[in-house]
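Here's a structure for you.
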């Protein structure tokens, strides 16, 4: 099966490391294509970045349906645009936060989430509430690190590890969720060090995507996730007009 | 004071009727400027439309700060992009859903919301939950009407009135919230007919905006609503790059 | 317009400083009349004081309607008697806790509340829950200070400031809400010192009251806030009998 | 032991029927003294009545401690003044709503509450939320009956029975809670007719009061329910001043 | 009346100390019979123990109905099997966690729970959520002590006392709930030391059981707690078959 | 990989149809072994049955680890014993309710659950609350059908279909969750008829189990899901003693 993994930011090193994580976990009969949109932010570290990444994501979804993709993963822990993406396609659309929360809940009774930078703490809190998962989360912590530093600065791994150890030793976290797609590369080492499940959302989402495709299930097109109405978009976004339902 | 009212869709008849509602309620010393963005959807009737309207909204916020606006109203009941808008400016940013929920809670113990079309019911439910207002809402109802029909089709007023009467008589609603900016024009007649408060979010938001400006209060720039980081946006959205903080 | 600000306690120094705060923020065309009831507690520091202040508040509401007031502010952070006051009059009735929570939610994603003395912490917690605002509140803190000391003891300002600084630096509060009407006088200095919004409920309530009067909106008289039934009150409270609806 | 049952309204027929219900269920070694306060409303059918009943209730609590009572029951389903009453005395104070909710939760997985008149539906909803019991309640229903009619109008029993039957047959209620102390007299017949537990709050509260006295437990005087501060009350309420702690 | 107190574990020293606590508080006309089931775990310190204790509990309920018991107390703070027990009998069935939460809520506005060992913290958290009591609980703390050590190791009392003191002094707990039936023996001393209510669930449950029996109330047999269907159980559990309804 | 699917009841026709559903969806490299425990109820239709099925389930988990299974599915919609099973093994343990709720949340914004018989409605409601999924569920409905009738009585399919159609047409369900493992056989036809996703929990659980095994993830053994303590079980359950950790 063909799964499109959309890194909503345009930093290709990050797309590459997300692609590595996805391919590493995908089944041999799964083809992973990881892309950055042709438009949007270098990284997602604010509501502004979050929303500005959505047109690019939706563009990739639209193209993806023509390219024959059977599932989509939106590889940013803010799950940007996931509800709109589900309108655009019948194929399942996975947000990595949602996927990681569900898998973590099966593996551990209580867990903590480490995100970056500070502002994404509020974004994540609201997301957890939206998914109804507050009761499982011990703490949400934010590192003082820019997202793209994970690709460039080896010391980031240490800061992440320190915070993860504190979560386990002081906050009673029984698993750690990596609250940023840029942390995917550290998951394995971290899990070895900590001895508890360390869940990377990209991995979680790819595996659930495979499952849903296997099930021949599709997004419900009744009511909420029905295709968007035929409608013009104007100006800079004219190419986002919907011409048929 | 100068308040910018942003109708996030590009249907100018609707911008005009929103402008009427805003000017009608604004104080004599308040200047209302109502705009549609230069890009985006004709109307907002899906998550797709909601997100696609945000770049245009944010563009208007950025321009607005240079134009000397002291407050912003985002005139769509999905409150699209409101958190990002609060990052971009120190001036207060009002969503019409949030504003109407707060004012209604002061005037009535329980109320219902009428939105349109069906899919926006889910959007509104999630928004109510996000604002913590579930306990005040009797029902959220959706009309089978396209948003722009409110500008064109006089019979829409009847459908809205019928549903409002049912809300009051059968669902114990003690006030009605108009869950779409396109309904603003019907608020006064409806209130006269029903004998309970009918709250239009545009009106509510303009008045709270005036209040906050009077208070010389500004959006907190600490942590969550700090200005977005300096960062490039690429492709179609290049003009949305942030060059200074 | 004429707004009556009711300081539910009988300490006139406090009524004076509440009056100053209200007049300072009111529009030039707003007349503020601040009163203490003719009966009730010197200050509100317990459920006992809270409830004992309500007859005096309701007395002021009843007189207020004859005096031509168009809106009422109940200036104690426990919002004593606010639901009963809304039954007694069609004019809007504002509690300062409710008003400050709503305005703060527009200006900051997360905030803390500082109240006094300890017992009011529980009162405030239950009030926050009643208004559905738990998810916005980082912490509720109580100072070891008697309410009337704010009028008499300059060192109280220092204790308040220390706690506010800790809220911002250690608890991630992005705004501070003053959980006692007696703190109104310190709001401006505190905001200058902290650099985040410091919200005084009296100010918030006066401004929302002006807004609602401008909107020609009134309390819904359908069901919950209908006028109280015609009914005798006996004994000491005989004068509180309701003779007409 | 001596238990004081306070009917917060001044309708003595109702005090009598509450006294009957309480005495009927009390142990032989329990002395029940049922009183109406010397001040306050004829019946409680609004927030106004609710709050106006509290001074009289608190007066009875104060006198009660001098009279040697070991527990108090506040016999109105709005639980008026219960938190203040707990401040005034070390003896346990029972609200009949709280007591009935707890006992019902032990006897039935889901139940409905029937109150009167309409406005008390909102009061009851907020009380259920305050006690954390929403998940157990199928429906809260209000009868179009004045409270004192239960003492005077035999047809009220029929209306109550009809609504209770509907609750069981249509709303899946597995028990019925009588949401007004005036309904106590109908509990036994109703339970015989319905075949499910019918819980009268007066009965529930008297039994839990006996239990707590047996346990030699007292209200915690640490923090929230500490005795009120020494403080003057002025005007009509001067006699409510607190002279010692 | 005859009340059966079921210690769900098979450690007879613990059954004895539970029996002492129950008899000590029971009325003179109440006969307490405390038993351990004929099967099941030595102590309950995990979900595994919790569920493995249930067949033995249900066996005692079945036998109890033949032996003429009028109420049952399940004396483990996980309230194991309480819903199934309510299906098996019309007599009231009390869980000690549920009973203690309700009585504590009447005596203190906020309280903490001390359980043992660590894993039971999660069990207790989920139970509190199930009963809707989160808003009353300051903290749930777990001691690093095996349950049966309470019977054997005098130093356990010290550890419990230390944690209870911290709860009161640092966590603002206004009462302490003993989250393990093995702690019953320390309740009185602890309360004397702390000066706040210390609630033992066995005591709370026995007293509420007496109350419900006095009220001639029974478990609702409509829907949820109806008797189990006639049905075979096979293998080791064959004796648990239900032969008549 | 080897996955053990445990039908917690002892009705082998049902184990067979569960096995069919599981094998039908499993990957070709997955070996499905479906079993009924050697002890326990014929079907699960009450809390009694639920708890009585757990020893048999846990027995199958213990044996499973020796047999080399890498994941477990507990195929009853009450998710009986799932937390204890997670203590017993490091392999992932899936409840079919939990699995179906998570997958459904990815495919549909709102869904309904159809269970059987009536009493399981309460069980399911409490389970949904436990998993934090209330906001996604439109309605939980119960059929008046015994669980094993699904294997024997062809007309059950019709009743299920009728209720599912009503859920979609009247209750705004955008997907249907089959709230009983015995309904698995009808999922495909129902989905064809309804045109919305029909989620069978067995299928959902098998696919997530495969995913977690692929990820080389295991249940967290820190704190909550640590192996049970070494401990004797007595009497009938002696064979459930834990001899090593």
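When the chains are written out, they are named A, B, C, D, E and F in that same order, and each has its own residue count from 1.
We take it that contacts are C-beta pairs under 8 Å (C-beta built on N, C-alpha and C of every residue); 3 or more make two chains touch, one makes a residue touch a chain.
None of these values were measured; they are calculated from a predicted model.
Visitor: Hop distance check: chain B to chain F, minimum number of steps through touching chains?
Guide: Minimum step count, chain B to chain F: 1.
Visitor: Name the chain pair with more contacting C-beta pairs, choosing from D-F and A-F.
Guide: Ranking D-F and A-F by C-beta contacts puts A-F first.
Visitor: In terms of contact pairs by residue number, which of B-D, A-F or B-F shares over half with D-E?
Guide: Of the listed options, the interface copy of D-E is A-F.
Visitor: At the chain E/chain F interface, shared numbers over all numbers used: above half (same) or below half (different)?
Guide: same
Visitor: Taking each chain's centre as its mean C-alpha position, how far apart are chain A and chain B in Å?
Guide: Computed value for the inter-centroid distance: 29 Å.
Visitor: In angstrom, rounded to a whole number, how far apart do the mean CA points of chain A and chain D lie?
Guide: 52
Visitor: So which stretches of chain E touch two or more other chains?
Guide: In chain E, residues 83, 109-110, 122, 129, 135, 172, 223-224 touch at least two other chains, as defined above.
Visitor: Every pair of chains that touch: which are they?
Guide: Every pair of chains meeting the touch criterion: A-B, A-C, A-E, A-F, B-C, B-D, B-F, C-D, C-E, D-E, D-F, E-F.
Visitor: Which of the residues in chain C come into contact with chain B in the complex?
Guide: Going by the criterion above, the answer is residues 25, 27, 83, 92-94, 98-99, 102-103, 105-110, 131-136, 168, 172, 174-175, 195-197, 199, 203-204, 207-208, 210-212, 214-215, 217-220, 222-225.
Visitor: Under the stated contact criterion, what part of chain E meets chain A in this complex?
Guide: 121-122, 125, 129
Visitor: Quick one: which bits of chain E touch chain F in the complex? Just the residue numbers, please.
Guide: 10, 37-43, 45-52, 54-56, 58, 81, 83-84, 86-88, 118-119, 122, 126, 129-130, 146, 223-224, 226, 228-229, 231-240, 242
Visitor: Please give the residue numbers of chain A that touch chain E in the complex, ascending.
Guide: Counting only chain A, the residues touching chain E are 109-110, 135, 172.
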